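First subunit A sits with subunit B, and in the next complex the same chain sits with subunit C.
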Partner chain A sequence: MATRLQFENSCDVGVFSKLTNAYCLVAIGGSENFYSTFESELADVIPVVKTSIAGTRIIGRLCAGNKNGLLVPHNTTDQELQHLRNSLPDQVVVRRIEEKLSALGNCIACNDHVALTHTDLDKETEEIIADVLGVEVFRQTIAGNILVGSYCAFSNRGGLVHPHTSIEDLDELSTLLQVPLVAGTINRGSEVIAAGMTVNDWTAFCGSDTTATELSVIESVFKLREAQPSAIVDEMRKSLIDTCV
Partner chain B sequence: MAANMFVVPQTKGSVLCCKCGILMAPNPANMCVTCLRSEVDITEGLRKHATIMHCPECDSYLQPPRTWLKAQLESKELLTYCVKRLETDLKKVRLVNAEFIWTEPHSKRIKVKLKVQKEVLNGAILEQSYVVEYVLQDHMCESCTRFQANPDQWVASVQLRQRVSHRRTFFYLEQLILKHDAAVHAIKIKQMDQGIDFFFANKSHASKFVEFLDKVAPTKRRESKQLVSHDPKNNSYNYKYTFSVEISPICREDLICLPPRVAVSLGNLGPLVICTKVTNNIALLDPLTLRQCFLDPDQYWRYSFKSLLGSRQLVEYDVFNVEVGSPEFNVGGSKYVMADVEVARVTDYGKLFYVRTHLGHILKPGDRALGYDPYGANNNDNELDKYQNLVIPEVILIKKSYEEKRQKKRGEPRPWKLKSLDMELDESKGRGYEEKMNTEYEEFLRDLEENPELRFNLSLYRNKDYQPSEMASVSDGDDVPSVPLEELLADLELSEEEDGDDSMKD
Partner chain C sequence: MPQEPARHHRLLPVRPLTFSPFARSVARVATAYLVKHHMHDAMQQSAGDEFKEKLKNVDRQSESSEDEEFDGVVQADFAFFDPKPDDFHGVKTLLQSYLNYKQWDLSGFVDLILGQITVGTVVKLEDDEDNGVFSIITALNLGRYKDHKCITELKEFLLNICHEKDKIGNLRSLLGVEAQKVGLLVSQCVVNLPPELLPPLYDALFDELSWATEDEPTEELRNSFRFQFYVVVSKFYKHKNANQKRSSSTDKDEAFVYIKPEDEILHKLSMWSFLFPLQTQQVATHELKNYQLTGIVMAVKAEDISSFRQQLHALISES
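Moving on to the complex of A and B:
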C-alpha cells in the first residue's frame, strides 16, 4: 500500500527516512505528522525509530541497511550509535564504517539479498557490506549515474530505476538483482527515485507530489496491492523461531 | 573482452508520463508534451495586443519616436516591423517563426502568429505558438500633414538661368534630366523667362540636383537662405533655401571672339573660335588652324566672355566649289578636312566669297551650308576692338544644311519621340512666344537627328503612331540624316520593364 506524505513541506521523503523489512528510521521533524504517519502504518509490525545521524536530518541518504544490518558513516556520533543499537532489534547489526564517500545512502542500494554500490567504493567497505548486510555486492551505474543509491529504489519484490535507463541496462540490472525492474519517475517527473520514496516488501511511502500514474506504477512493480504485513512478518518469525531453537 | 572497447548498443526505453500515464520516450521533464503544455504556459506574460500608428495617406507605419516606415500589407518589412515592436517581450523567449494571419484590410487589425521556445522544468525546451493582434490607429505622418496644409510649400528651390535669347539648352537639359531622373524629388517645376525654377521639399534633394547640373553644364552657383520660423526654446530654425545656378551663355555652334588674355593663355588660339561642344567643359575649335581646347567652368567664369554671333544669326550659303586642301584631321574624335570653298549667300548671289573652311569632309558643290557672315554683320564687340590687326574671315561655315530635303519631309511624323518634364508654363507670354517656342523645339529635334553625339546621353522612344509612308522610297541619293531604329527605346506603357536596345550603331 503506497502512502503519500510530506516532511515539513518537502516531497523528498526518501531523504528523511529509511524503511527496511525489520525497522524504520525517521528524522526528527518540526511537527509530529511525519512520524505519526509512519507509526500508524507500521507501529504494530516493526519498530519506528526517531534519530539523527551526524547531527543531520538527512538520515535516509547517509545510512544504508536491510533486515540484517545497518551501516552508518564515520561521522555518526557515539550517542547516535548507542541510541540506534538500543532501539533496533537485536538481530540487526549496527556498524560504523570508515569510508571516504560518507553518504552511504547515495552510494549503496540494497535489499535483503543483493546490493548495488558506487563504483569507487573501497574494497574494504565492500567486504563489510557483504559481511554485515549479508548480501552479494555489485558495482554498477544506472543510466550513466554513479550514485546508484539515489537513482534507484528496490525491495525484495521489485524495483524502480531512473527513467532514462536504456532497455539493455534494465535487463542487465534485472538479471543481477533477480527482481523485476521498471524505469519511471517519482514526485511529478523527478528522476531521483530514492530521494522521493522509501519502500519495503509490503508498503511504500512517496512524496505528496507523486501523480496517480506514478503511484500505480509503484504499486504494480513493488507488488504492494496484495501484500499484507502480517503474512511476511509471520514468515520471518517462523524462520527466526526455527533457528532459535 | 576484445581489444577494442565493446560498447553495448543502448536503446531508450519508454516510461509512462507522470501525469496522464501514456507511454512516451523519457524527456527531461518526464511529462508528455500535452501535459507539459497544460502545466506550463511559456507565453504567459507576453503581450498579446499592441497598438501601431498608421498614416493612411502614404501607407506608412510609425517607428517611435519619429521615423515612418513605408510598407505594404503582409509584406516582409511589415512583419519585421511588427516583431520589432514586441522586442522587449521577445527577450525572454526565443523566437523561432513569425507569420501573418490574414485579416480584412478594413478591419484595421493585423494578426501575427509567433512561435517561441523557452526552457522549462529542468532542461526541457518547450515550443509554443501564439497570436498577437495589432490595432492600427490612423495618424497622419508629419510630411503628409505639412503637404495637406500647404501643397505648394517648398523648402529649397533651384533657379536655373541662362542669359541667351533661345531655349535650346533647356530643351537638351530637360531630356538629360529625364534620362537621369534627377528631378524625381521636385514637387514643382516652373518655366520662367530665360530659365526654369525647380522646387524641392528637402534641401539635400536640391543640393543633389545642383550637383547634377554641375556635372552636365558649365555653371556657377550661389546659395542663399531665408528664415521662415524660429523656435527659441528649441533653438531650431526653419529656412527656405534658394540655389541660383547660371549656365554659361556660350552655346554650341556659337562664334566667339576670345579676349586677348584668354587667347594668349590658351596658347595663342586664334581669337575667332567656334564652340563645338558644351558639357561641363566648353570645347572651342579654331576653324582656321583646327586646334581645339577645353575650358573649365572656373576658367570660363573668370573671364566670362560672351559669344559674338549665335545660331540665330546663321546665314545660308550655296557652295559652288570645293578644293580639298589637306588630309583628314582627327580633332577630338571628329574628323575635319581643311578645304577652300567658293560660296555665295543664298539671298545675294552677286557676291562670291572664297574662304577656308574646316568642313571639307562633308561639303560638295551644290550643297547648302550654314555659316556666320562677319562680312555683312555689324559687330559691336569690345573684344573685337581690342585686336588691332585682326583679319576676320568673311565667311565662317559651321554646318551643312538639309533644309531643302526637309521641305519634302515636312509635316511627316518622325519615327521617334521624346518625353517631357511636367512643367508649369509661363502664362504671361503671348501667342507669338508660343510659336517661337515651337519653331525652336523643331530645330532642336532636327539638331538631334543630325548629331549622333548629342543623342548619346538622351533616351529616345519609339513613336507608336509612326507609319513609314510611301514617300520614303522616293528620295534622293543623299538622305536626310535620321535616327537609326536601333537607338530607339520602346516607350514605357504600363511602367513595367523597358525593353530597350540602346546600342549605338555608329
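Moving on to the complex of A and C:
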C-alpha cells in the first residue's frame, strides 16, 4: 500500500526519511504527524528510528542502506552513529565512510542485491558498499544524470526512474537490476523521484502532491497491492528486536 | 572574489556555486548593476479572457567603475504571464512561508490561484526552459472560494492569530459576512527581484480586476471581482524596542523595516492592521540585529488603491 504524507508542508518525504526492509529512519522535527504515519504503518514489523545526520534533517539524502547495512557520511557525529548502532537491529552494520561525495543518498541507489552508484565514487567506497551492503555495485547514469540516488527509487520488486530515461537505458538498467522498471514522475510531475518518495518491498510513502495516476503507477510497479509484510519479515525474524529489556 | 583591474570592455558573468539552473538565473539577475533603465510598455489592451503578455525590458549597465570589480551588461528580460497549471511548483515554493510554515492545504491554494486565469500575473524569464517563477500576484475573492479547504484553513489561521480584541471583530466580519466583497491580495516574489517591476505588476493586477468586472461572462463572476476591501498577509522587521517611547538616541533607528516596499504604503493606507509573532528562525544580520521578524495582517479599502498605485510609482522611481 502506498501512503501520501507531508513533512512540514514539504512533499519531499524521501529527503526526510529512509525506508528499507529491516528498519526505517525518520528526521527529527516537523510535527509528530510525520513520525506517527510511519509508526502506524510499520511499528509492528520493523523499528522506526528518529535521527539526524551531521546535525541535519535531510537524512534520506545523506545515507544509503538496505537490510544488511547502513552507510553514513564522514560528517556524521559520534553520538548519531552510536544512536543508530543502538537503535537498529544487530544484523544491520552501520558504517561511517570517508568519501568526499558526502550526500550518499544522492549518489547511491540500492536494494538488497544490487546498487547503482555515482560514476565518480572512490574505488574504496565501492568496495565498502559491496562489503557492508552485500550488493553488486554498478556505476551508472540515469537519463544522463550522475546522481543516480536522486533520480530513481527501487526495491527488490520493482523500480521507478527519471521520466526522460530512454527505452534502451530502461532495458539495460532492468537487466542489471533484475527488476521491472518504469519511467515516471512523483509529486505532480517532479523528476526527482527519490526525493519525493521512499519505498521497500511491501509499502511506499509518497509526497501528498502525488496524483492518483502516479500513485497507481507506483503501486503497480512496486507490486504493493498484494504485498503483506509478514511474508518478508518472517525471513528476517532473527535479526529483528522483539523485546527490549 | 579576487581583485581584478576593471575591464571596461569585457562581460564577466558571475558564476555562483548553485546547483539548479533556476538558482543560477536568479543569482545572475541579482548581480546586475544599474545606470539607466528604460522600460518598454508593450501592454496591449485586450478582452479580459484572452492571453496577454507584457514585456518589460530592463537594460542594466554598470556605473562609472572607479572601485567596482567588474562591469558588464546583464540583460534580464522579465515577462508577465497569465497563471498556468505548469507554474504549480514555482508558485508553491514562493508561498511556502505564507502562513508562517503552518501545515495547511497549500497545494489547494496554489491550484486556486492558477485556476484564476483572468486575474493574476506570474513573472518569469522570457524563453526560460526551466520555467522558473520569480513572482506571483493575484487577488482571490474570499466569498467565492469560501468552500475550499485552503480558504477555510486560512480564515481559521487568521482568526486564531489575532490577539487584539479591537481588531478581531473587524476581521471576523471581513472574513465572514462581508467575504463576498473582500479580496485576498497575494503577492510574493524572490528576494532580489528588481523593484522596478513592482509598479507595473500591481498596475497589471488592478487593471485586470477592472477589466474582469466588465468582461467576465456571468454577472456573478463580474460581481466577484468588485472588491471593496483587500486583506494582505505579510511580514516585516519590527524594532525590538518599538513599543517603548523612543528617546533621541534611538531616533536614527526606524521602528519598522519593510521587506517589500509596497508593504510600507499599504500599512499607512490600511483601515486597520494587527501583528502576529512568527516562529521561524531568522538569520540576524548585523544591520538587523535589533529587529524581530513579525507577521502583519492589513485591511485596505479598495478606494485607497489608486492612491497606493501613485505612491508606489513615486517610491520606486525615486529610489
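Annotations for the structure displayed:
Assume the second predicted complex is superposed on the first by the 237 of 245 C-alpha atoms of A that agree within 3 Å, B and C clash if a C-alpha of one lies under 4 Å from a C-alpha of the other, contacts with A are read in each partner's own complex, and residues count from 1 in each chain.
One rule holds for everything that comes next: a contact is a pair of C-beta atoms (placed from the backbone, for glycine too) under 8 Å apart; a residue touches a chain by one contact, two chains touch by 3 or more.
From a predicted model like this one, the values you see are computed outputs, not experimental measurements.
Three-chain overlay on subunit A, with subunit B and subunit C in a clash. Look at A:189: by the touch rule set out above, it reaches both subunit B and subunit C. Of the two partner chains placed around the shared chain by superposition, neither subunit B nor subunit C is touched by A:112.
Ranked by how many residues of subunit A each touches, subunit B and subunit C are led by B. Residue contacts after overlaying the shared chain place A:213 against subunit B, while subunit C stays out of touching range. Using the contact criterion defined above for the overlaid structures, shared-chain residue A:164 touches subunit B, although it does not reach subunit C. Judged by the touch definition given at the top, the superposed model places A:31 against subunit C, while subunit B stays out of reach. Once the two complexes are overlaid on the shared chain, A:6 sits against subunit C while remaining clear of subunit B. After superposing the two complexes on chain A, the stretch of subunit C that clashes with subunit B is 80-88, out of 62-70, 80-88 or 152-160.
Judged by the document's definition of touching, subunit A residues 188-190 lie at the interface with subunit B and also at the interface with subunit C.
For subunit B in complex with subunit A, the residues that touch the partner chain are 8-13, 15-21, 26, 29-31, 121. By the touch criterion stated above, subunit C contacts subunit A in their complex at residues 88-89, 96, 101-104, 106-107. The touching residues of subunit A, when paired with subunit B in their complex, are 163-170, 183-185, 188-191, 211-214, 216-217. Touching subunit C in their complex are the following residues of subunit A: 6, 8-10, 31, 33, 188-190, 208-209.
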